[in-house]
Each structure stands twice: as C-alpha cells, then as structure tokens.
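The structure under discussion appears below in the form of structure tokens.
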Amino acid sequence: MKDNLIRLENISMSYGEKQVLKSINLDVRDKEFITFLGPSGCGKTTTLRIIGGFEHQTSGNVYFDGQLINDVPPHKRQLNTVFQKYALFTHLNVYDNIAFGLRISKTPEHEIKERVQKMLSMVNLSGYEKRAVVSLSGGEQQRIAIARALVNHPRVLLLDEPLGALDLKLRKEMQTELKAIQQALGITFIFVTHDQEEALTMSDTVVVMKGGKIQQIGTPIGIYNEPVNAFVADFIGESNIIDGIMNEDYVCTFGGKTFDCTDCGFAKNEPVDVVIRPEDFRMVMPREEIICGIVENIVFKGVHYEMHVKSGDITYLVHSTIPEVVGTFVGLEVEPFDIHIMKKSKPEEN
Amino acid sequence: MKKFRIAALPFAVYAGIFIVAPIVLIFMYSFQGAGGDFTLENFTRFFNFSDPTYLKVLWRSIYLAAISTVICLLLGYPMAYILSRLPNRVRGILSFLFVLPMWMNFLLRTYAWMTLLERTGIINTFLTNLGLPTWDIMYTQGAVILGNVYNFLPFMILPIYNVLVKIDKSVLEASADLGGDSGVTFRKVILPLSIPGVISGISMTFMPAVTTFVISKLLGGGQNALIGDLIENQFKVTGDWGFGSAMSVVLMILILGAMQIMQRYEDENDGSGGVLL
Amino acid sequence: MKKKLSPLSLIYSLLIFVFLYAPIAVLIIYSFNASKSRGTWGGFSLKWYAELFSNKDIMQALITTLSIAVISAVVSVVIGTAAAVGIYYSRRRTKALLTGISNIPMINADIVTGISLLLLFIFLKLDLGYVTLLLSHITFNIPYVILSVMPKLRQLDKNAFEAAIDLGATPLRAFFSVIIPEISPGIVTGAILAFTMSIDDFVISFFTTGGGVSTLSIEIYTMAKRGIKPEINALSAIMFLVVMTLLLIVNIRSSKVEKKKER
C-alpha cells in the first residue's frame, strides 16, 4: 500500500436521475501508467474529472498521497491535465502558454525561461516560442498542451483522450512518445481512451469500464488473455462469444461439441458464454470431434485474412494467415487454454 | 462555471427596468382613457371602419413599405448575386463598399435626397439649365418610396449576399454535373438556397420602412403621413399618450407577427441576416 | 464555375454603386461650395466648415453625442459582456428568456422603443435630458454587445477555463487572464458597434431627450425640417469619414482574425 498515490473509495456520481458512476474503487500506484478504457458514456472521463477536481462526486472519497482531497479545489491539486481538444489559450503564444502555470506560482522569469525551453526540447518543438498557437498543427498543439502541463512538475498527469483528434500515423508516434516521456520523468499518467489498442500498447495497468462500473483491472496482457466477462473480451479485441454449457469442471459444450477447457468452479450444466479469439482458431481438415463449417466469405486485412465460417446457426470469426477458398468445408481446432468461459452477464448490464 | 451565472444579474435588472417595464407601460397606457380609467376607446378609435382615417394611414404605411421592399428586392438580389460570384480577393472589399452607406447617418442619407430632389435642388437646377421641365417629385409618395429604397437597399443586399457566398460551390458543380444548365441551376438550386437571405432582407427592409416617420416627414411632406408620423404626433404635439400607445401596440403586434412568420423560414438557416458587418 | 464579370453585370454594379454613393458624394462636394445655392458652384471654400465649428448648438450637440456614445459604449460593454458570460453559463430556460429579452430592442421598431422609454421616464418622474438619453442609449447598446460577445464565448474551448484552474489559477484569475482575453475581439467589436449605434441613433434619442439637450442627429433633423443648410453638408462629410474609418477598423480586425484562424 505504500506506493499508492491516489485512492478512489466508493465513488458514485449522479446527474439528476442519471447515475454515471456506481461505486468506483481504485488504487493508482505512484509512477504507473494507468488507462481508463471503455466505450463513450462509460464514466471514464467523469472519473478523471473527479480526480482532477473539475467535478465533485455525489458520494465517496478521493485520497491523494494518503490525504483526503474531496474538498480541495482543482487549482490546489498537485496534478495537471491535458484536455481532449488541448484547451490552449489562443490569445497567448507558445511560450506564454507553457509559462502560464509557472507565472501563477510566481516562479522567477529566468527559471521560467529555462524550464519552458527544456519542455519545448522534450516535445521536439524548440524554436516555437513566439509562434501563435492557432498557427500550429494538431500534433504540435498536442505537444504544447503536454508541455504546458508537465512544466509544472505535477506528480500526476491526467490525459483525457488526448490523441483522439490526431490521424492514425501521428497517434502511433505520440503513443510511443508519451510512454517515453512518462518513463523519463517517472511520474504517474492517468490516461483516458476508448481505443483498446492504445490502452494495451501504453499502459502498465488498464481499467476497463462500462456503464459507470469497473469491469476489470489488470495488466494489458492479463486483460487480453483473461478477460473476466464477455464484454471485456469483446471490447479488448474481437472475439467469438458463443452460448455454451459448463458440463462439469474442465469440460464444456458449445456448437454441439464437447471440449476440454481450463476453467472450473461453475455449477453443473450452468449456461455460460464461451469466448474464443478469432486468431486462436486453427483451420484443419474436418473431423468428428471439432467444429466444422463452410467458409462464407474472406477479406484480406493486411497481416491476416478474416473469414466467417458458418456451422449450424453459429457463424465463427476466424483470423488466419493462410487463405481458404469460399465454400470450402473446414474444421476449426482450438486449444483448451484458448477457450475462455465467462459467467453469463445479467441482461440489465447489457 | 456555474458561479458565472451571477454575471447576468446586472443585465437582468437593467433589462427588467428598461426593456420589459416600458413595454408593459405601453400596454397599460394603451388601455387608459384621458382620466386614467380603463377603456378600449384608443383601439376602437383606430379601428373605426366608418371613419377609416387612421386605418388609411396604416394601409398607406404598409403599402409604401411593401412597394419599397419589392423594389429593393428587385434591385438588391441581382447585386448580391453579382457580388457573391466575384473572386475572393475583391469580394470582401466590394461587398463592404456596397454595405457601407447603411452605416452613414440615416438622417444625412435622407437629407441628401432633399438637396437633390427639391424644386430648387441639384437635379432640377441641372434640368432647368438644360432647358428641360423640372421634376416635381418632392413631397409625393414617390419621394417617400425613393427615400425608403435608398436607405434600405443595403439591408436587402447584405443578407442575400451572406447566404449566396455560403452556398457550397460543389453544390453548383453537382447541379451542372447532373445536367443542369446555368438557368436551371439558378432556379432549382441557388434561388431556393438563398430564400433565408431573401426573408431576412425583406424583414430588414420592410420593418424600418413601415415604422419610419423621418423619411415621410422630410421627403413626403405633411400629406403623406405614415403610422410613425401619427405616433410621433401623439407624443410630440397632441399629447394623447393613450392613443399613441395604442397605435404602438398595433405596430408592435404587426411587427412581432411578421417576425414570427419570417422566423419560421429563417430557423431553417441559422439567421444569416443577423450579421451586419 | 468562376466566370469573368459580364459587361452587363459590370454596368449594373456601377449603376447601383452610383445610386448608393452619388447623394453622399454630392453632399460632400457641396460642403466645399462657396455659394449657398445648390445649383451653382461658387468656387472651393471651407466656410461651411468654419460656420459649422462656430455654430454653438451644433458644437454642443457634438459634445453631447460623443460623450453619450463613449459613456454608453463603456457601460454597455461592461454590463453586456458580463451578461453574455452569465447567459452563456445559464440553464437553458434562463438562457432563452434573457436572450429573448435582449432581442427585444433589436427587433422592435425604434419608434416603439423610443416612446416606451419615454413613458417609463415619465412614470418614474425623471426629467428628460442627458441622463434619460444616456440610459436609453445603454438600453439599446447592451444587446449589440451581447450579440458580438456571444459567438466568441461559443468558440471558446470549453476546457480553456478548466485548463487555467488546472494550472493553478483561482477561478477569478482564470476569468480575467483567460476568458476575457479570449473573447476580447468580440468585446472590442461590441464596443465599436455600440459607439457607432449611439452616434447613429436618431429616433430613440428624439423621444427620450429634453430640456434642450440635443444630439447631432436631432440637430440635423431640426435643421432639415426647416430647410437645407450647407453646414449640414460639412457635417455629413465629417461624419461619413468618421463612420467609414471606424468600420474599416472593425473589418480589418475581423479579417485579420479570420486569416489567423485559416493558417
């Protein structure tokens, strides 16, 4: 518990009738890169804004470094924010934007100059001091926003979908760069995104949210490989989610066939969701014990081919580097540890 | 952020006293007789169909304003269209020039026509010097219409121009691509798209024309009094505030009614007539 | 699609241009005419300007006009900018109500606004004069300020204020060091607009002044009703120049801002 920096305790938030956060509990460790991931409206931005102090939770507590900070206004919190659309001050030039926070804290001008220049070189924009912010490209504005926040040496940087407005190539570049900055400075980054790939590439910890609730907290690899429910499985990469039955421990049935699996602890013959990643299917010659079906269509996706294989009333999504001719009757093989069994999610949560 | 709401308070108070209360007062006075009693007499006097003196004035105001508006539209639309088709570089400057006169003091603009049209004015002196008969337009309805057209033409050009320049060029190209020649493109694409501008042009021309008393007084003389003159007279000469207020109420309802109708069209566009600069 | 201007369009444009400018040009030219009669050109002279500046009534009216314009512009910029901010952050219903009320003076006929204010001043037993004139000008100027400031508030990044707070500014400091500078182009436009509107107004001033306090517009009206006076020509020339300069400033400012945005 010693390296815990931020703790959210039973945070709930309602706007009138509408409850947007339902009892969030979360610990953020010092110096970690933690990402809130989820579809729009899942409460990830609201959680970030509560940490930043821009919104006040309806109930629950926020601790920072062991101190209760529920009533500390945002300008007195030791964290800085990078906003979604940058929120740069268009009436100020690049230098004055970055110097804004330092001037408020009455830092001597010579020190401001030094720190601003250091920041500019860190975000690769040295020599941009006098430029008007409106004349910068989206990526450049983004860097200025990051510099403006980091120049104040915050202990935590909050980033609200900061890469959303950038094009794909720039996004990838910035992802790497942000991660590098975070590691170089050794401070905590709390990052909000709806892009699962972004979350997986950058984070130490991913918090998957939906409908105002935390679905799963874990490392990128853990979340990808062991999603706790069908929602997480589907949201983190594509998945086949099939109705199945857990016959007994380590044995399940779906698509009319019975398979060995690695899960246990379900009731006998309990209906479950069976989750299988499309890349975990292997296409083989059809045989009795495995699922067999007809290749309905095939799309080239660059690295792999995406195929739909229809077997009975179930259509399986299959990724494979080897194409198969449409109409072929194929078998689909899957290893026991690639079969993920999930408790059926209650209908109200969907 | 919610704290900033309080900033509207001074305005709310000011507006309550100087915008809302005065309107309430007009209504109050309009139902008041000479002795301060409640009466409908001010309205029955105005809407007296057996002696339609006042109704005739109202009709004349509407009629002259309507003619002026139609002339403004006929002159202004082509002008706005020409301006909108100019290359970007010169368009800004030229459209500015065509709108500039509307910022010239309205009295001076009217006064300018007095000096031109008077019996001994510039035009007539010129005609006389050429040995031609004089043009006695001063103090006629024609002079009032001329004054209206001159004063309000820029108010017609501007909103139409604003709408026309915003028409996406690719829409025109699409029309041409689909086989429309320039005539068809104009009738089927440009004209319908410019209707919101025309509507705000009409309201920005018709409203001030129907309520003016300066133009009618300076160019129309006494015999072409408009409703504005009547109202002015009640407050400045006869002191019959009740009757003056009643006529103001009529005028206000007329304008608000017209605005409502206009607004319905304008809502479809985002009020392109609102920008004067 | 872009075609060269056809000769017909060119002639048409010229005719409209002449129609719009000839009367103003004639006024200005004749302001330099030594002869009092309009038919004849008596040679170049500045005597009407001299007479204009020695006319005590007109000079007094000029002072009144300018002081009313400046004071009403300043007051309405303060109240109007605050109002725009307040309205912007208000709940939808308050927003609709206040916006609706602020539209009244712009939609209503000047003559109705004028007499409604007249009735108010009489009801409040205020003597008509400089103060009532000023209050009236503030009344019709505030809506123009709100109208100019509101779009700038809408353009404001909705996180700009939060960003300032986030960087350590108190809410009040954030307001004055971020929101006000960010919307300042709208405030300046509003101020110039209010100033111009105030100078330009005749109808509302006509009904709400009294006690011998008069503006240039009222002077012109009184003189024009009595007949034509060459001093008015001189006055026209000056006012035209002033208004044109002001508008040029506004336009250059706004096109500069737009160019900055385009880059």
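Order as written gives the chain letters A, B and C; numbering starts at 1 within each chain.
Criterion: a contact is a pair of C-beta atoms (placed from the backbone, for glycine too) under 8 Å apart; a residue touches a chain by one contact, two chains touch by 3 or more.
Since the structure is predicted, the reported quantities are computational estimates derived from the model, not experimental observations.
Ranked by how close its mean Cα position lies to the mean of all protein Cα atoms, the top chain is C. Farthest chain from chain C (centres taken as the mean of C-alpha atoms): A.
Among the inter-chain contacts, the highest number of C-beta pairs connects B-C.
The centroid of the Cα atoms in chain A and the matching centroid in chain B are 59 Å apart.
Distance between chain centres (mean CA atoms), chain A to chain C: 54 Å.
With centres defined as mean CA coordinates, chain C is found 18 Å away from chain B. Residue positions of chain A touching 2 or more other chains: none.
Along chain C, residues 171 each make contact with two or more other chains. The part of chain C that touches chain B in the complex is made up of residues 1-3, 5, 9, 12-13, 16-17, 19-21, 23-24, 26-27, 30, 37-40, 79-80, 82-83, 85-90, 94, 98, 101-102, 104-105, 107-113, 115-120, 123, 135-136, 138-139, 142, 146-147, 161, 171, 175, 189, 193, 196, 199-200, 202-203, 207, 216-217, 220-221, 224-225, 228, 232-233, 235-236, 239-240, 243-244, 247, 250-251, 254-255.
Residues 157-160, 162-171, 173-174, 178, 181-182, 184, 260-261, 263 of chain C touch chain A in their complex. Partner chain C is touched in their complex by these residues of chain A: 52, 54, 73-76, 80-81, 83-92, 100-101, 104-105, 132, 134-135, 148-149, 152.
Contacts from chain B toward chain C in the complex involve residues 1-12, 14-15, 17-23, 25-26, 29, 75, 78-79, 82-83, 85-87, 92, 96-98, 100-101, 103-116, 118, 120-122, 125-126, 128-129, 150, 153-154, 169, 172-173, 176, 207-208, 210-211, 213-214, 217-218, 228, 231-232, 235, 241, 244-245, 248, 251-252, 255-256, 259, 274, 276-277.
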